[in-house]
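In the two assemblies presented below, chain A is common to both, partnered first by chain B and then by chain C.
Entry: the complex of A and B
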């Protein structure tokens, strides 16, 4: 009984799969057939920068549903990035994935490993996606030259600095190189005897592995390939040694938490802060002083890695749903919506044309800091897109923490972490094949 | 009686009275500061919920807000339908509690007082359930619920928690401490198992029931991950999910609104405790079991 049932489904699936290319060439045939049947899509998303995003996204989705007959999208808030990923993977596990979801870009290989993602390269090429999306953003959803998502809420780390503190010391501009960063941090650190009054620099904890990848890129190394990590390369070791030097000099906080570091910056307990561009609106509005934003200082070159995520489309669903999902993803990332989204949230608009909109130009005039983050995007790339990225991140964070706490030397910590993570990746890949 | 003795007597009585007063209430001297300590986070939450974003981090601003800024509450409520969430939280938590109370008393009675084949093996399995972290069985629970067609319903948040290995274990231990003479006497009077349970055991283990009830209510009132996983529609979600909207991943938290949300979420529990406080505490004192 059961086998007959599954055969039937498979046969139907194959048949519709075969029919798809022919049917899609005949839009006239397709449209009337579907007009009387509403395609229902589920869209799972996290809330990254503020609770209001929930209202904004549900508002956008109601607009979409109102203007698109035959498609009905259900907005499903799914917690943080990690929660969203868990929820999607659970749904995939029972064979009923949502039509679309918005994960962090690092999870690309994880989802590809689960064979969960629809390849949207051809649709994107016949559209204006490759021309109009800012390259650094589009690339976060590319693997082996195939596109698996439309970048929606990208962010990168930037250097925030307390302009009042800079002014008081007569420092005119933000540091541009690692050496200048070190000097500036030393100058800004305030100690009263043994008691610390203000750190020169804090690197937002919890995501410090993300900033660390930025440091590797600034030193000319992309510290991963799609099936291994390269943290034991000299460029990476040099980056961690540089952090250790700053900590030893007493001008950089050896550890912090994500929210705590933002709080410290707003309270004036640290003069410079590496944090996400996603925090711009909050830091700018909640700080009792003027907030400056600058590129993360460079070594050999500018560099950053992308946070945030693309909208991905599920592979295991009907073609009608896939097409509707593409329509929705395309609509969420169109010029006007990206401009409005960017202004409302502080995330960076992914389209060049969005930045040319008059209201975006006006936003940039009001908040010139936003442009810095956008410009840094051209030097940025995807973040740690390896299988088992979550465990990889934990290993790297632990290696960094132990080094900065003085328990282990930078080279040893990174070599150990690399070996451990690469072993784990090999295991995951073997399991996927077998 | 002369006036002198009368006066002496009254002074000594007053002194005795004062001493008795001190002896009876000296604990207050220690308890009052402790109570203040316990209250301080609540006061802090309340005060922060009335501040502006800038005030929270301005060290010069002091502890009290410049002006009472109640606008955080409406703006928190606009983020999500907290009223619906509150109703759902109450339904879920109270249903779980009711279900658990029934299942754990029956199961614990069986394990404590009956003999049947495989009892020890079965009890070991119950204990194993306590040892598995809930996260380890998320997927299997999810699959079960999906087969029952319960995903994205209020029942999905209740059903997996109706039985509690922990509660059964706790209650079994209390039942075993009840002297068997009491239940034997009840049996002689003609009680069946259910009547013995109701008239003899339950009144004697009230403190355990209440302790377990508090643990259960607090756990499920604050549960976040499971409700998030099994629900999709806003109409059936619970309060912690609304709170999750305010604690953000990509930037620092929005403290005033987060604290306003926290006030909304914790106040029903606090209110409940204040109302039933006497009963909670009384039940810990009046019990035949030591």
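Entry: the complex of A and C
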């Protein structure tokens, strides 16, 4: 008898031991015990520029975890902006999004179309976000007057130039207009017979559609509206024709890659480079020559589109997680962190107070190049915030590439791409209307 | 008596089905069900990340017809298949014949030519990005030293796809070579001896003895090669991302772009079904043309 009883007890013990891990996974069970537990957040982020961004972000996140009891952020480096977006969307598809993510600002309508974003307007209003954030940056996360993210790493493209190369030719200042740009690029190009030794100008490939939007803005056109793209307008066609002229003249590289173009610039095989301000610190420190930074040259006016993106918070998660996510997003964008992040990378600090910090003032005195993009930002706006923006970007890049390769004329390429993309946008909107 | 025989036979059948069942289950879950699902999805508006789907009928297929890029991608895929397979099999055959000798040190050569097969495709892709680099790449250096013009390779819309074809030949021919080598070992050597005694040239021995006798294996290699070639995705993803100017965009990559980058699962499914038809058509074509010419040794 005795032995049977002890057997049963042991069996029950074993059974409960096996069940315990499953029970604790069930939602709603053991909630009281969990209230004191750490809230775990996943944060997916990309590396969108040249340089060791990964180490910098992981460092910030360890600092956050060390100073915040009860919240543990897991940093997930997700590749490029495209990779990051795909991972988040796939996770949304199976109903388990990360708590926060950092996409390109153009993806705002895409995520809103999936009803994935937490509206943080009220929290931001009761905080100092609307007062202290620079308006142009905050606006890239605004749709219909509601705020869906905290601007974290805004950037614009700028014109980087090799000061030594300029000096050797006696060119005193960076080009300020398209015509000057063309002349300067021609002067800087070096050929040895048929072999090219140095391009005058390279427009960072992979994001050349972003630069192209800047060219449209410089020519007086914002080339998209909420529900269509306007690349078939004369201002846009003129911009692409100008690129084609520079390529045909042999002073601008017809194609490049994002990392490759930065490497080419640092190696001296191109003298001028359009790249993100987020690459500033890396380009400045890794180039064996003095790096100049200037506004992108203008046609009718200065103009640029903002790259980079806001930290977004998932709508479909528990309130505890949302609260913790807000704490984290708020911390990543606080005055000190934004100032330090900006100095480490070249991205633009999103807060006015960050720019007023003594460390930041001193940095600007030492590295006046860092201020260029900030000044240019006043002429900038959001980048291609249309539905189906990812397809739109690829379509535009293909149109530009085919034009520069001489396969098609600028007007035909842009007219085709516009018709193609607007058809897709209509399709996506039809779906959203139901 | 006959009852007992029938029962034994039925038991044998049951055993066979029982043994086949596990792999059938896997095939059903990971192959047939997804195919059926993709046909279903292709008739709907399906957005990645959104559980709601809307009926469209044939719209996704009509889109194929007006999609300029789809036709370009189809052409690229066909170009890749029709160059890579014949060239890599021809290279493999020549290598196999050359290495099918009992000379000392042949094992080293065989390993050397098989080596590319063992390199992971992403690593191989990165390696060739370096080899093809316009400025400092070894291939351009070699061209210069031969007095030939330098090329922009992966940056040039005319050369990017041929560049991937060249690399694929390097990658695949070692694998085909190994299979063909095994087949060569089975060709009776007295046939060669007789031919040699009759003064038949090496070229004729290859054409009239070797190729007919290994034709079942060649056929197998062609089918495998066709299947490999339409699956090309990793090289495109690593080396060019479909560019420049869509010149290296192939069907599998375009499906990936539509499904995951553009979230357009419905259209991606329609594309996947177009790919299925493309591959079945190609294999069918190979079967009715080359398949009929296959000579099986000992066949009556």
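Note that in this section the second predicted complex is superposed on the first by the 370 of 434 C-alpha atoms of A that agree within 3 Å, B and C clash if a C-alpha of one lies under 4 Å from a C-alpha of the other, contacts with A are read in each partner's own complex, and residues count from 1 in each chain.
What we mean here is this: a residue touches a chain if its C-beta (ideal position, glycine included) is under 8 Å from a C-beta of that chain, and two chains touch if they have at least 3 such contacts.
Fair warning: this is a prediction, and the values are worked out from it, not measured in the lab.
Colleague: Please work out whether A:195 is in contact with chain B alone, chain C alone, both, or neither, and reply first, second, both or neither.
Modeller: The answer is second: A:195 touches chain C but not chain B.
Colleague: Using the touch definition from the top, say if A:62 reaches chain B (first), chain C (second), both or neither.
Modeller: neither
Colleague: Going by the contact rule stated at the top, is it chain B or chain C that touches a larger number of residues on chain A?
Modeller: Here the partner covering more residues of chain A is B.
Colleague: Is A:90 touching the first partner chain B, the second partner chain C, both, or neither of them?
Modeller: A:90 contacts both chain B and chain C.
Colleague: Look at A:301 in the shared chain and tell me whether it touches chain B only, chain C only, both, or neither; answer first, second, both or neither.
Modeller: A:301 sits against neither chain B nor chain C.
Colleague: One more residue to check, A:388. First (chain B), second (chain C), both or neither?
Modeller: A:388 contacts chain C only, not chain B.
Colleague: Identify the partner contact of A:177: answer first if only chain B is touched, second if only chain C is, both if each is, neither if none is.
Modeller: A:177 contacts neither chain B nor chain C.
Colleague: A:378 in the overlay: touching chain B, chain C, both, or neither? Say first, second, both or neither.
Modeller: Touch status of A:378: no partner.
Colleague: So in the superposed three-chain picture, is A:361 touching just chain B, just chain C, both, or none of them (first/second/both/neither)?
Modeller: Neither chain B nor chain C is touched by A:361.
Colleague: Report, in rising order, the residues of chain A that make contact with chain B in one complex and with chain C in the other.
Modeller: Common interface on chain A, chain B vs chain C: 86, 90, 93, 267.
Colleague: Give the list of chain A residues in touch with chain C in this complex.
Modeller: For this pair, the touching residues of chain A are 82, 86, 89-90, 92-93, 110, 113-114, 116, 194-195, 254-256, 264, 267, 269, 388, 390-391, 394, 397-398, 401-402, 405, 407, 416, 420, 427, 431.
Colleague: Chain B touches which residues of chain A in the complex?
Modeller: Its residues touching chain B are 42, 46-52, 54-55, 74, 76-81, 83, 86-87, 90, 93-94, 96, 155, 258-259, 261-263, 266-268, 275-276, 278-283, 285-288, 307-308, 346.
Colleague: Help me check something: in the complex, which residues belonging to chain C touch chain A?
Modeller: By the definition above, chain C touches chain A via 45, 47-51, 54, 68-69, 135, 149-150, 152, 155-157, 243-246, 257, 260-264.
Colleague: For the complex, which residues does chain B have touching chain A?
Modeller: Those residues of chain B that touch chain A are 53-54, 56-60, 76, 78-80, 138-139, 142-143, 146, 224-225, 228-229, 232-234, 241, 244-246, 248-254, 257.
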